[in-house]
Amino acid sequence: MADPMRIRASMAGDKVEVRVLMSHEMETGLRKDAKGAVVPAHFIQNVTVTHAGKTVLSAQWGTSISKNPFMHFRFKGGKPGEKVTISWVDNKGERRTDEVVISGG
Amino acid sequence: MRDDQARQRAERVFREAFTHGNRQMAAKVEVQDEVQAQCTRYRNEPPKDIAAAIERSQAASIRYPASGKMLGDWREGERIAQDGYGMRFTDPDTKRPNGGGCYNCHRISPAEISYGTIGPSLHRFGALRGTGEAIQRYVFGKVYDSQASTACSQMPRFGHNGVLTEEQITHLVALLLDPDSPVNK
Amino acid sequence: MPYRLLAGLLAAVLPCVGMAQQDTQKEIERYRQLLAEGNPADLFEARGEELWKTPRGPKNTSLERCDLGLGAGVVKGAYAQLPRYFPDTDRVQDLESRIVTCMVTLQGFKPEDAMKNPFSAPGRPSDMEALASYVAAESKGVKLAAPLRHPKEIEAFQIGEQLFYRRAGPHDFSCVSCHGENGKRIRLQELPKLTDPHDAQRIFTTWPAYRVSQGTVRTMQHRLYDCYWQMRHPQMDYASEASIALEVFMAKYANGGEIQAPGLKR
Amino acid sequence: MLALAAAAGLVRPGEAFAQQWNKAAFETKSVADTLKALGGSGSTESAQIQITAPDIAENGAVVPITIESGIARTQTIAILIEKNPNTLSANFEIPEGTDPFVTTRVKMAETSNIYAVVRADGKYFHAAKEIKVTLGGCGG
C-alpha cells in the first residue's frame, strides 16, 4: 500500500492553510525502463479534501503532475482541533486516505 | 602519516573502492599517466620546470589534421558542445559518439542560458580574434590537449585521451571561429 | 528529457549580457524558493522512522537500539557527529555504513542484503534512502561536529585529502575539477568549494537531499557515486573506505555548519 | 432543506467519494481542444488571474505553479501546458468558502506557455505565462 501523506493544516487568520505531500510515482506512461520497455501510466486521478463532512477542494489530475505531488490551498470555516481529511485514488484503483488535526496559527 | 605514506595508503584504498564495477575501467583509473600523477602530486600547481616539461610533452602529442582543414561545421560543433554523453559506466552505446559537454563549463552561444563558469566565456571568441590559420591551429590544439599550453589545466585533453575525434574537434573550432556561428553574431 | 534551444530571446530583449546572467540566477533562486515550502523528503523521513521502529530481518528486531555513536538508542543529534571511529567495528563509519552495521548486528541481515538496494530506481524504493532521511532529520539544527580526533579518523582525513586531488580517467577529472574554486557553476548549478568552510558548512550539511531531477532522496554515498560517474570512473563500491575517507575530509571543513537535512536540490 | 444543503456543498450519503475523471479532457493535445472538452466554447483573457511560477525552471520534472483568481464566483481552476504531450495537467474544483487559490507542481517536457483557465459563474477566463525549461547538471 502507498505510504501515508504528509499533511499540515494550520490557522492563518480565519482560514485554514493546508499543505500536503503525497507519495506516488506519477508515471506518465511515456517513460521507458532500462530495457527499453514502456512503463505503464500510474498516476493519481482524483483528490478530495473534506472538512466537517463538506468537500473543501476536489481535483482531477493528469500524468503531468510531478512525482510525489504537492498541493497547497486555503479554506474558511475550520477551527483548531477539527479534522481535515484527504483522499486520493489513482488510475489502477489504488487509494489512500489520511487525516490531520488543524493546529493553531 | 607523512605525505608519501598517505599517498600510498590512498592509492591502495582507491584500488579497493572499485571492485564491483567495470574491471577495464577500473584498471584504467588505477594507473595515472605521468601528467595526471604530476598534477595530483602538485595539486595542479606544478613547479616551473615540471610545468614546462608537461607542456612540451603534451604539445608534441597533438596530431593536427593531415588535410590541413581545421574549420568544420559549426552546427555540428554546437551539438557536440551541448552533449555530455560518453565514457560513463552507464554509456554502453559504442555507436553513439561522445559529446564534449562544453556548455558544462563555458558560455558559448548566447542563446544557451544554461552554461557553466568553470572555464572562461567563449562568446564572440572568433569575432574578437579573427578566423585565420594561426587561431584555428590554436583552438584545435587547445581542445586536443589543453595542457600543451597550460600544465595541469582542468580542461580535459579531448584529443589526447581519445574523447573526441579529429573531425569533432574541427566542428568545435568552427563553432568558435566561423563568422556564421551564433557565437560570433 | 526533450530539450529545446532558446531562440536568442534573452539576448535580444536584455540590454547587456551581465544582466542576463544575473536574471537567470535570480529566477533559478526563485524556483528553488518556490519549491522549499514542501520538501518531498518529508515522506522519506516518515517512512524511515516507521522502518527504524519496526521489527525486521532474521532476528525480527527494530533498529531502535542501534548505536550511531552517541550510545545505543540515541538518534537525536547522532548524525551531527558522523563520520566517526567505532571501536566495535574498529573502523571509521559514515551514517550509511553504520546503519548497515546495525542491520547486520541487530536485525541479522547478511551484509550483502543490507547493502543490496542503497539507491532507489523508479518503482524500486530504497529503505536506506528512507532510514538515512530519518536519522539525518533527527539532527536538524544541530551543528556538525565530526570528531577527527582518533588516529583512524585523522588517517581517514589524510586519505580523503589525497583522493580529493587525485586526477584519473579519460577526462583527467578529480574532485577539485568542480569543487576547487568559489563561485563557479556547471550549467546553472552552483558548485561549492569544499575546502572553504563557508561553502562546505552550507552544502555538506544538506545531504541526504531530495533531488527533483531524480524524484527521490539521495544520500551522501550516492552523491559520491554520482560524482565518480561524472568523472568517468567505474562504479564506486557502496560504503567503501575511500568514500568514507572523502566524507571525513569534507566534514572537517563543514564542521560548525548547522545540519539542515534532508535538503532539497536540483 | 435539501436544496439548501446542496447549495452549501454538503455531502450527501453515497456521494462522498463518487469520483469522476474527465478522460476526454485529459487526452486533448491543444489548448483549444482542452477548453472544449472542459465545456467551454471560448475564453476571455483576464488580468484577474495571477500565475506565480519561476520564469526559468531548473528542472522540468518539478515546476512549482500557483494560480490565484480574483474573479468573483470562481468555480474551477485548470492548469494547461501547451507543449506537453497531453495539454491538461489538472482541474481543481473550488467550492464556496475555499479561496480561489491553489499551488501544485507540474512536469514540463520543454519550454512552453502554461495557461490557467478559470470557470467563474459558468464563463471561462484565462491567463498565460511562459516558463523556460533549462538543462541542468552535466547533461546527457
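Order as written gives the chain letters A, B, C and D; numbering starts at 1 within each chain.
Definition applied: contacts are C-beta pairs under 8 Å (C-beta built on N, C-alpha and C of every residue); 3 or more make two chains touch, one makes a residue touch a chain.
Just so it is clear, the model here is predicted, and its values are computed rather than measured.
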* Using the touch rule from the top, point out the two chains with the most contacting C-beta pairs. => B-C
* Roughly how many whole angstrom separate the Cα centroids of chain A and chain D? -> 16
* To do: Could you give the separation in Å between the centres of chain B and chain C, each centre being the mean of its C-alpha atoms?
  => 28
* Between chain C and chain D, tell me the centre distance in angstrom, where each centre is the average of that chain's C-alpha atoms. => 36
* Of all the residues in chain A, which ones touch at least 2 other chains? -> 66-67, 70, 72
* Among the residues of chain D, pick out those that touch two or more other chains and give their numbers. => 56, 61-62, 64, 66, 103, 105, 132, 134-136, 138-139
* Give the residues of chain C that touch two or more other chains, as numbers and ranges in rising order. => 6, 24, 37, 186-188, 212, 215, 230
* To do: Return all touching chain pairs.
  => A-C, A-D, B-C, B-D, C-D
* Which positions of chain B touch chain C when the two form their complex? -> 1, 6-7, 9-11, 13-14, 16-23, 25-26, 28-30, 32, 35-36, 39-40, 43-44, 87-90, 103-105, 110-118, 123, 154, 156-157, 161-163, 182
* Partner chain C, residues of chain A touching it in the complex -> 3-4, 6, 19, 21-23, 25, 27, 31, 33, 39, 66-68, 70, 72
* Asked: Along chain B, where are the residues that touch chain D in the complex?
  -> 82-85, 99, 101, 103-104, 113-114
* **chain A residues touching chain D - in the complex, by the definition given at the top** => 15, 26, 28, 30, 45-46, 48, 50, 53-67, 69-77, 87, 89
* **Of all residues in chain D, those that touch chain B in their complex** => 56, 132, 134-136, 138-140
